[in-house]
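Below are the structure tokens for one structure; questions will follow.
Naming follows writing order (A, B, C, D, E and F), and every chain is counted from residue 1.
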Amino acid sequence: MRKFFDQELNKLQESLLKMGAMVEDVIDLAINSLINQDIKKAGEVIKLDDKVDDIEVEIEKKCLELIVLQQPRAKDLRKISSILKIITDLERIGDHGVNIAKITKKIGNEEFIKPLVDIPKMAELAKKMVKNSINSFLNEDIELAKKVAIMDDEVDDIYESIYVELLEMLSENKDIMEQVTYLLFIGRYLERIGDHTTNICERIIYMVDGERMSY
Amino acid sequence: MRKFFDQELNKLQESLLKMGAMVEDVIDLAINSLINQDIKKAGEVIKLDDKVDDIEVEIEKKCLELIVLQQPRAKDLRKISSILKIITDLERIGDHGVNIAKITKKIGNEEFIKPLVDIPKMAELAKKMVKNSINSFLNEDIELAKKVAIMDDEVDDIYESIYVELLEMLSENKDIMEQVTYLLFIGRYLERIGDHTTNICERIIYMVDGERMSY
Amino acid sequence: MSNRKLKDNLTKILIYAASLLTVGVLAWILIYITINGIGEISLEFLTSAPEGESGGGILPIIINTLYIILLTIVISTPIGVFAAIYLVEYAKPGKIVRIIRFATESLAGIPSIIFGLFGYIFFVTVLNLGWSILSGALTLSIMVLPTMVRTTEESLKAVPDAYREGSLGLGASKLRTIRKVVLPSAIPGIVTGIILSIGRIVGESAAVYFTAGMVSRLAKGFLDSGRTLAVHMYLLAKEGISFEKAFATAFVLVVIILLINFSANKIGASLDKTKV
Amino acid sequence: MNKTKLSVKNLNLFYGDFQALKNIDLEVESNKITALIGPSGCGKSTFLKTLNRMNDLVENVKIEGKVSLDGEDIYNNIDVIKLRKRVGMVFQKPNPFPMSIYDNVAYGPRAHGIKRKAKLDEIVETSLKQAAIWDEVKDRLNQNALGLSGGQQQRLCIARALAVNPEVLLMDEPTSALDPIATQKIEELTEELKEKYTIVIVTHSMQQAGRISDNTAFFLLGEVIEFSETAKIFSNPEDKRTEDYITGRFG
Amino acid sequence: MNKTKLSVKNLNLFYGDFQALKNIDLEVESNKITALIGPSGCGKSTFLKTLNRMNDLVENVKIEGKVSLDGEDIYNNIDVIKLRKRVGMVFQKPNPFPMSIYDNVAYGPRAHGIKRKAKLDEIVETSLKQAAIWDEVKDRLNQNALGLSGGQQQRLCIARALAVNPEVLLMDEPTSALDPIATQKIEELTEELKEKYTIVIVTHSMQQAGRISDNTAFFLLGEVIEFSETAKIFSNPEDKRTEDYITGRFG
Amino acid sequence: MESREEIRQSVKNREDSMEENKLQNFIEKIVENIFFISACMAIISVAVISIFIFYKGGPAIFQIGVKEFLTGTTWQPLGDYFGILPMIIGSIYATIGAIIIGVPIGILTAVFIAELAPEWIQNIVRPSVELLAGIPSVVYGFFGLLVFVPFIADTLGGAGNSLLAASVILGIMILPTVINISVTSLNSVPKEYKEGSLAMGASHIQTIFKVMIPAAKSGILAAVILGIGRAIGETMAVILVAGNTPLIPDSLTDPIRTMTANIALEMGYAYGLHQEALFATGVILFIFIMILNIMLNLFTNKAGE
């Protein structure tokens, strides 16, 4: 039943999957270029994010089209409106990737004040959260969504510890000031990415259950 | 024609206006509590933001209800989907207000390293941008929306100059490190608020013209 | 393809020929009667009584015919209309309705000669009404009853149920619904039924012949005997008394029928409330 | 909870051996619009007609259970004519009587014994105004009602129903014979009428139910599967079958 | 731009003195579904009928302008019967003939001279399969078609139209007499049919036009106000009148 | 308090109207019974007619002997020979002749009126046919007597008063019945059928014969049966043209006497067994007609399903 609509919905979900993958790539690329201090790669992040923006516009357009042409109701509508919200978060995640890349450019070849351990760890987590949130959307897997929310706590903890550590380092050596603020911002961005994935997961739970839940 | 639908749409717009006003209050309160180093007031910000969150949920629910029950099309749908997006931005602006308030708490009674001039100026601008963006939505006033986008450039400029100034101050006196990062974050938050209002304005232009424009 | 066209065209030719024949026969009859009958028509013919074997006019006969029409309609209309109302508005589908319907249809199929026989046995002999206008009218009333019932029934059925539901839904009683909404919409049909019945009465010969008798004078009352136009014509033709007068009578009959048909359409249409 | 106008308890209806309604429980709230939706043949019209006993006209109907109007059992010792005066009905196809516009509206009041011309004039005018058709017909009250357009006819029928001053209006797919514009006028009208009347409406169009109703009952094979606020039914139905039906994944 | 199947140029149609169609220009694309929407009486059906010359049956019709099918003017020197074979039609009310299901579908091929039983059997089966009704009727092909449900009848009519192997299918409100579930089946069917056929569909329901069509033409008072992609018409129409109509703010 | 008063008032009102309603219900009941009795008039009539005809004619059949009566070929009331086989055969032949002439022409004309004729021609032909139905049968008989009878005598020999003349006149007389009912049933074929067929590229003639006539089948059959009824029951017109000799005809030009004619011709002067034998002829005719009615009933019922 409603074969055509279901097809369209599937296409939409595929696009979303693609967008998720792109966003993961953005994070990956951004962190890689940071770690490797590869300014060229940082430039690529910005280009990739433009693509994310394009696909967001596209998905949004398709969602509105489906709403206007197919009159989805109940769960169908919740699904589409979830997609509408999710892409905003994904797009924002992409932006934060760009923010990181911009910092990479600013840091340039300047040596790191410490080996980057926590930040890649956070990035890894963030990537995983993006992936999981998209997967939990596609499979309507509430458990997975809840796990993502738990992972976000972890991200927050790491950010907290980075913050403390950096300020400590700073109090020992005031020359690293600039890099410290940069790294702090990067931490902050990654933390925001975590928040955005958590938003996505809230959405998913609402979509599946029909009740809006707040974590 | 479609009296009932138009009534509902009006109600929705009123709610949006209310939400906008609340968000302005959040910014106002956050900056006031910062300037006056009023921790109690900072607590209020968080409470007020909870209300913003509530009204967001409410508006979103109403939007989906209208979509499902009234099948809006063309401009009607663009309007509602714009509201859906705008409230996300407003909610985020509120969050940034809370972020500021949280910093206020951290700074506590510690004396400011410099008289706060630029930050209140930015906040003032941000508030105005919020107000204008909501107004331009209600009046479908594209000109006003475009002005907001221009104001955002101003905000960005101020942020840039704050950034430079703070880092300069820091290079003279490394002790103010912590407050500098705090103020930097606040600047960053205000800058984000500006970005969010710009997003809102993009939306409005799309809504009125039907074409998605990017600034 | 051309095979199909050929077949189509041959069929068309047949159809046109048949239609032409139908209309041709009708025209032929009408023209024939008119040409031969109109000569004999005169004011005197229409306003005087028959005389002797072949003389005189047909006034009393016209008046007898009118008597019979009037009486038959007065008897059969209420019965027919009431019966139709019962069948359409009250009857629950079931045995009794099926029997009533079958009876009505049978009545419609019974040939007039049988009515004549029956009328003769029952009204003339058993009820001892003799050959009279009344016997004739009673017989004819039974004969036209199916026409009355059926046309009324049809027009009642043609009244949309929506009208009934509408009225009942407003809290009107059933009788009120019938009186105020259903019957007014059915009036054109009822009037058509009456006019069709008149046509039948005017043209009927066999049944009247056996029940109203064939005296060629003016009936002095409903219990007096008197022949109608159709009977008059039959007798003139059958006995070969006067073909001229037979033609003239035929012409008068045809004109009356024409008038009846014409007015049936006009009156029916003018009463139609559903036409805006 | 708002005031209950009509309350249906454990209603079963049989056409001969066929059970058309099964254990219906439903409360119609005062001054609300209650929509009945469901696939064809699920018993919506049948249910609607039990509310003013129009089913009494059908052969072989057996009704069990209780329907009460303002607490009073309408199947027990009640005058059907009075009941129908209190519970008016508007049908799928506009069915004005073939008489003048005036007489159509005055028909009900006259049937209930009102004879004074002045009184009738007043009723006709207010009813037509309430039905939002006064302006369109005020200059031709004596013209035949069948000359009106479909949408006007339907509003006239609504006026006719209002003229006997009912408390409840039952509408059986009142717009399914109308074009979208006429439909919209009727929909708006119902929105206004609910201020004074309680409305129960059967509709084939889920969209319509969504647009105008406060509560919605979903019927399936003679049962009420789900009954709750329209917004709830349409955005978050409890029952899988309701969800399937309203999202078009049924059958 | 896709291939044009039907092209209408500057079409004017008069019923006596009344101009029902005014200067219509429209291109129907191959293997697309083109929807015609607009208020009642705006000329949708009239326009549809000009595409297979069903208007020829009406008295007093005058047609000006050009309608071409694959570039060939259908009002000039063309065999109407051939044309109707190429441009099939499905009507608002399902209208199967009062004969067996088999004979209904075989009717067209027989009329065009096919007599071999084996060939007819094959046509009947494929047509019924294409119309997605084979499974429901394959065991009762010799039963009277009037015994089918409304939705089945309509699919049978589609099968019947497909049996003469048309290129274009015209549908005049094919679901307006059907319930939502039957409607949905037909809608899905059209989606599938467009792979092989070009479809032009008149619909009263904007929702339907939205759901199934690729292009939409909005008619008003005999004119085509706007004609473009359905998504465009529904989300961002050019003309104020279209916007008013599709957002329900018309008239 | 106030509301209790209101309730009391409304209860009282309801009781008042209950009184009023009892009266109204009573009137409604009475009126319904009047309607019912009227509806029964048809049953009563048919029953009384049957009873009296059988009562008057039945005994004669047994007195004469069923076999002698039905299969006897001699009708000589004065000689006490009461065989009505010639009349039965006369009626049947004349009816068959009428059908052969009237039915095809009638149906084709109906097709013309319903389908092929342009409106202005329809506007002439339809009323003409109605008029044809309205013309009294004596007029047909008279016309036949003066036109066909001499024509047959001149061209085919014999007296002209013949089976052929009767068949032609009856054929013409059943035309309106056949045409009117056929047109009605053709017109009531939903126009969707026609559109459906034409839209598939079937020609108009194909459409008429493959879809419309089959769809109107039961109506057309009913028309034919009614025509038969009319032909078999016709009296005065037949008398005028059939010759009325009570013999089994050998050829089309031989005179015939139908059952109806038998009754009408001799009733005037018959008495005793002769008169009863005429009633008995009526009984046979009546049985024929009843069989037709039952057939008709079957067909129309089928059409209703």
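To be clear about the criterion, contacts are C-beta pairs under 8 Å (C-beta built on N, C-alpha and C of every residue); 3 or more make two chains touch, one makes a residue touch a chain.
This one's a predicted model, so the numbers in the text were calculated from it and none came from an experiment.
A.B. asks: Which chains lie in contact with each of chain A and chain B?
C.D. replies: Touching chain A as well as chain B, we find D, E.
A.B. asks: To reach chain F from chain B by way of touching chains, what is the minimum number of steps?
C.D. replies: The fewest touching-chain steps linking chain B to chain F number 2.
A.B. asks: Whole-Å distance, chain B centre to chain C centre, using C-alpha means?
C.D. replies: The separation of the two C-alpha centroids amounts to 91 Å.
A.B. asks: Quick check: how many Å separate the C-alpha centres of chain A and chain D?
C.D. replies: Taking the mean C-alpha position of each chain, the two centres sit 53 Å apart.
A.B. asks: Could you work out how far the Cα centre of chain C sits from that of chain E, in whole Å?
C.D. replies: Roughly 49 Å separates the two chain centres.
A.B. asks: Quick one: which residues in chain E touch 2 or more of the other chains?
C.D. replies: 184, 206-207, 234-235, 248, 250-251
A.B. asks: Could you say which residues in chain A touch two or more other chains, in rising order?
C.D. replies: 1-2, 5, 64, 68, 71-74, 77-78
A.B. asks: Two-or-more-chain contact residues of chain C, please, as numbers and ranges.
C.D. replies: 4, 173, in rising order.
A.B. asks: What residues on chain A touch chain D, complex-wise?
C.D. replies: Where chain A meets chain D, its residues are 1-2, 5, 71-78, 210-211.
A.B. asks: Over in the complex, which chain D residues touch chain B? Could you list them?
C.D. replies: 184, 187-188, 191, 207, 210-212, 230-231, 234-235
A.B. asks: For the complex, which residues does chain C have touching chain D?
C.D. replies: My answer: residues 92-93, 160, 162-163, 165-173, 176, 180-181, 184-185, 273-274, 276.
A.B. asks: Name, in rising order, each residue of chain E that touches chain D in their complex.
C.D. replies: Counting only chain E, the residues touching chain D are 39-40, 179-182, 184, 204, 206-207, 248, 250-251.
A.B. asks: What does chain B use to touch chain A in their complex?
C.D. replies: So the residues of chain B touching chain A come out as 53, 57, 60-61, 64, 67-68, 71, 73-74, 77-78, 81, 84-85, 88, 167, 170-171, 174, 177-178, 180-181, 184-185, 188, 212, 214.
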